């Protein structure tokens, strides 16, 4: 049913349609509206047979979900940013134990400095934790990915993180088709766990594994994620058949035919990029976009095929692996490795801590990639003047201490940063 | 303000159009300056950047003029709607208003209307009613429906009444401007 | 008890038999009916924690865990699930490819056993199952790293019995101090050197008291030295719903520097000297205190453990022994651990 | 492993059973039996802990049958034994000794009441044994020999069985129907008692009767005399004479004021008898202090309760008509009484001497190889005298003169006679280490003070020969039996089974005890430490 609805609210409704049995809620911006929405649906009786638990921390939120999932219940929670870090230990644990928990991540920067706005640093911090990580481009996709996530998680016995850009999607009110209960019921079977805590058939879950088998455990975990590559594609196709729209999958191409320049990005920024591409195509520039939906597992082969013909690949990502560069760019680089006549790779970090990624900036960036390529990692819309002054000062006067504070001090004294 | 943007997006949705309403993201505290955006289009809205060059600017609290440059980016053929019972001259924005095409800058005492009809200083519905009259981007009927969806029952009716009066006030101004 | 010295009326004497006959304090008693015997005396006890586990010789935690879980198994008709915090108990029971548990059991992390148990309980409730949930961990996993989750579980009154096997330190990692380590005790992180050797006075916390402050339905302390009391408390805990907490004193021969055969003896001395008060509380009020049966000075307890050996090294008595005795005396006064003339022990 | 379970992380329950932790062990626990101090102290060699174990379970017949394995006279013993077992009892260190004697009496009385019989003897051995004297030692030997299949004849010089049990112990301590019932039960085994049949020459008697062996148990019935100058119509009697005459038709006439001279149990018995016969005043004169008195303290106490007077540190210098002269004594540095030269006069209608008894050894005249020393016959460790085939026991051999010792002699002699008759040597099983108090873990025993046997009111005690000390009723007896600590012997308390951190103790079921599962036992020793009764020891593993 089409609705003009806030993204978080739509996600809450979609998650409720998946009939989760245990929901753990701990507030953190910008994830709050999702769990608030779910809380209301449970309290007002729309979502029955569901335990809604107000826990005392994100660590507890995922831990409660772990317990519920191990006991055979469909478990859900949501978090963001610091919350994800606070539950980090449990994030690894949930995947290690093979528990099909679905968690929404309202993507947000990580402090310090504390920042509540959107980027992908939080998701990147858990990229190696053994979860499937799916990035929603739109709120419609966010809704659809949650439905697919439960099915994927339970089929693979592997937790799934649905990454949704904080504020930009979570707080945007727009036209979204929220499916009907019979549709979802027909598509998503009830949870049938492969391992469950049951007094009738007792098992011990969570053994200590030593050097003699740990490598095998990890190999199997990795193998299972590679299996997921096929399943994610299949489910996206099934989903399209059942719901009549394309959502999910490993990656998505936009105007890639004959493109000289291919942009690779994840999440909501892809919408803006598409508008930019349309405008550039109108100007005759052969440019296209590849949207990565499944960041984990990473669709290396599929991406390689897609990028093979391009001259330039521009990776735009909302995260920075400090000291290395863009983590997505690194993964894309891996996909291009050993490719004969591989396209040039240009890495751009954009939108950190909620800085708007604007069309003019993207226009500039994409043009620059082919005509004036840069070395290393480009920080989109970086205030060169400020960082230049700061670098200069610290060179002169060796001063330990938080760069952020120094910057803020300078911003205050110099007025408008831009 | 967020509610106003959302109601506006609902009104557009009800007319079969695409609309995207979103707040200026932040940890708002009650009373702090807030900006909310609404895009309306006839096709899917993919753009996710904040609106830097609005076609329409609705100012709910003119006291903010001193703190924030709210007019930055307002297009030269844009619309301006200000919640006030004072004149643009009194607000020292008459110059800005004059730069816009005739009838594009309108003042409406939305808070006063809200106090009159709803009993509380909630100007959102009145502003939307006024906005429906301005530039006719959305129909008043859609605004009325959106208000009723957001506020069911008596409060909804009171808000519709405020919106309706605001609509009439602006329509009167528009007619006056057209007559000039 | 004085009336026992008088000639008894026959009926009265029969009544007394149950109480006085030999073996009152033993695990079993062949003279009473099966249903009156302890779970541990039963040939068909669950042995929920079975042989082949890798605990040290004389491990108090292995013993306490079997005592508690077997009792819970009887109380629930074996319809229960256990959640385990990381720690000795977890490591020595479930090294791949072998587990010693004979009930559904899950281990997640060090600090989240209470929360995982909440999740299991929620799953049972949503599935309309009567299966009960017990969470368990050592003192580190309970009073320190798991404390937040524990408090949350208490505060929400989740239907979980949390059992803390308190061996007064981080034994799994090589005997470091926890917030349950007693003053003066030597650990790897409170070595017996310097001006104030061992753990400092005036630190640590009583999680049972904190649990009581949560006004949860049931809180108790217990000891491996009193099986009957322990089993009664576990049984009672399983008879009520909501958040429940039992803390069991389980000596650690390795960490305490004690003989492996002294495990129960030490637990007994800890209670009898007053250092480890055994009580129970319901809904925020203390309802029962286990009286000291044969009071002993704290030195009887301390001298059998190398972790306190530094207190007895010098020529003169270490004043900190008196401080420890004062702690015992305070417990005795606060909890009323010594029976008055008119009270039965 | 169920296929679907995640590899290595999820395990099937109970799989640790493949990990045999028994290999960690350097010491191993073993179940042992230790000798309970009561058994060790019992002159009759009773397995007290054994029969108490049956009694505490409420199976009194089994308890009685276990008891009479060693002692055929429990009802008697439960009255007259001075119960050294209780003196040795470990329970005394917790609260007070177990009232073994009273439980024994309860079982003996119950057996009489229920008419329980001894098990029938096995097939006859074809051997004949002669026993001289139907006192406790003779009856005991007869019982044991009969149960071993031998034909037994007792020749008793007196008219009734019991020996000193009848002629030395007053009725108020041992009702005669009790004695008769227990003797009768022995006779029912086929033992013949010939009364008024004094053996004057043992070798002749054996030859004439065709006996293969003889056991002599004639007792010590001849009163010792002391020289006391007596004048006038002084009435001086001996205690044996007085007590013996109590069994006849004519009770002795002792008068209003009676003085008893001596400090043993017999002196007490005779003084208390005098009170019952109507003496207003019964005074015991003894040359030392109460503490030095050979009489048992509880008997002294009972006598005092009954109004018997005591004159410590006194000797009788002479008896003159209705009065006696007493010299006060004082203890010297070494604790011996020395005369002080101070005199005192007491009124006395009669003076009874209770200064001990001698043995009548006339039947042994002419028997070769015998050794007689200090008026008693010496015997070897097998109770045989220097004369082949002639064994002896009871008061006529060197030992403490108590009924219980006599009964023990009878049993011991019977076993050796049996072996001798079969051409074998009887070797008693080696004794276990004693289960001393330090071997126990006394924590596990609940506080349970001894039950005091009901006693007759004093008023009735001085006017009748009713039994002074009453028995326990069943609940009291059960209570008392259950106070037993079962020293050194497993009583199936389940402690080892319960306290093992490794579940390495196997409970075999009621009556079957436990065994260690050495596949898993790590040798921590908690079981041994926590065994209440000291029935587990830790031994070094061979390395």
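To keep things simple, chains are lettered A, B, C and D as they appear, and every chain counts its residues starting from 1.
Criterion: contacts are C-beta pairs under 8 Å (C-beta built on N, C-alpha and C of every residue); 3 or more make two chains touch, one makes a residue touch a chain.
Predicted model, so just to flag it, every value in this text is computed and none were measured.
Chemist: Based on mean C-alpha positions, which chain is nearest the centroid of every protein C-alpha shown?
Modeler: The chain sitting closest to the overall C-alpha centre is C.
Chemist: Which whole number of Å gives the spacing of the CA centres of subunit B and subunit D?
Modeler: 114
Chemist: Please compute the C-alpha centroid of subunit A, do the same for subunit B, then give the distance between them in whole Å.
Modeler: 35
Chemist: Counting in whole Å, what is the centre-to-centre distance of subunit A and subunit C, each centre being its mean C-alpha position?
Modeler: Each chain reduced to its C-alpha mean, subunit A and subunit C end up 46 Å apart.
Chemist: Measuring centre to centre with CA averages, how many angstrom lie between subunit B and subunit C?
Modeler: About 67 Å separates the centre of subunit B from that of subunit C.
Chemist: Could you check subunit D for residues that touch two or more other chains and list them?
Modeler: In subunit D, 8-9, 11-13 touch at least two other chains.
Chemist: Would you please write down the residue numbers of subunit A that are in contact with two or more other chains?
Modeler: 97, 202-207, 209, 213
Chemist: Among line, ring, star, complete and other, which one matches the pattern of chain touches?
Modeler: If you draw each chain as a dot and join those that touch, the picture is no line, ring, star or complete graph.
Chemist: For subunit A, which residues count as touching subunit C in their complex?
Modeler: Of all residues in subunit A, those touching subunit C are 21-22, 24, 49-51, 53-57, 59-60, 63-73, 75, 89-90, 93, 97, 197-199, 201-210, 212-213.
Chemist: Applying the document's contact rule, which stretches of subunit A touch subunit B when the two form their complex?
Modeler: Subunit A reaches subunit B through residues 3-4, 6, 29-30, 116-118, 138, 165-168, 171-175, 268-272, 274-275, 354, 356-359.
Chemist: In their shared complex, at which residues does subunit C touch subunit D?
Modeler: Counting only subunit C, the residues touching subunit D are 1, 4-8, 10-11, 13-14, 16-17, 19-31, 37-38, 40-41, 43, 47, 49-55, 57-60, 62-63, 66, 93-94, 96-103, 105, 227, 253, 259-265, 268, 294.
Chemist: Please give the residue numbers of subunit A that touch subunit D in the complex, ascending.
Modeler: 96-98, 157, 194-195, 202-207, 209, 213-214, 216-217, 220
Chemist: List the residues on subunit D that touch subunit C in their complex, please.
Modeler: Where subunit D meets subunit C, its residues are 8-9, 11-21, 24, 56-57, 443-449, 451-452, 454, 473-476, 478-479, 482-486, 491-495, 497-504, 507, 509-510, 517, 519-520, 522-526, 528-530, 532, 538.
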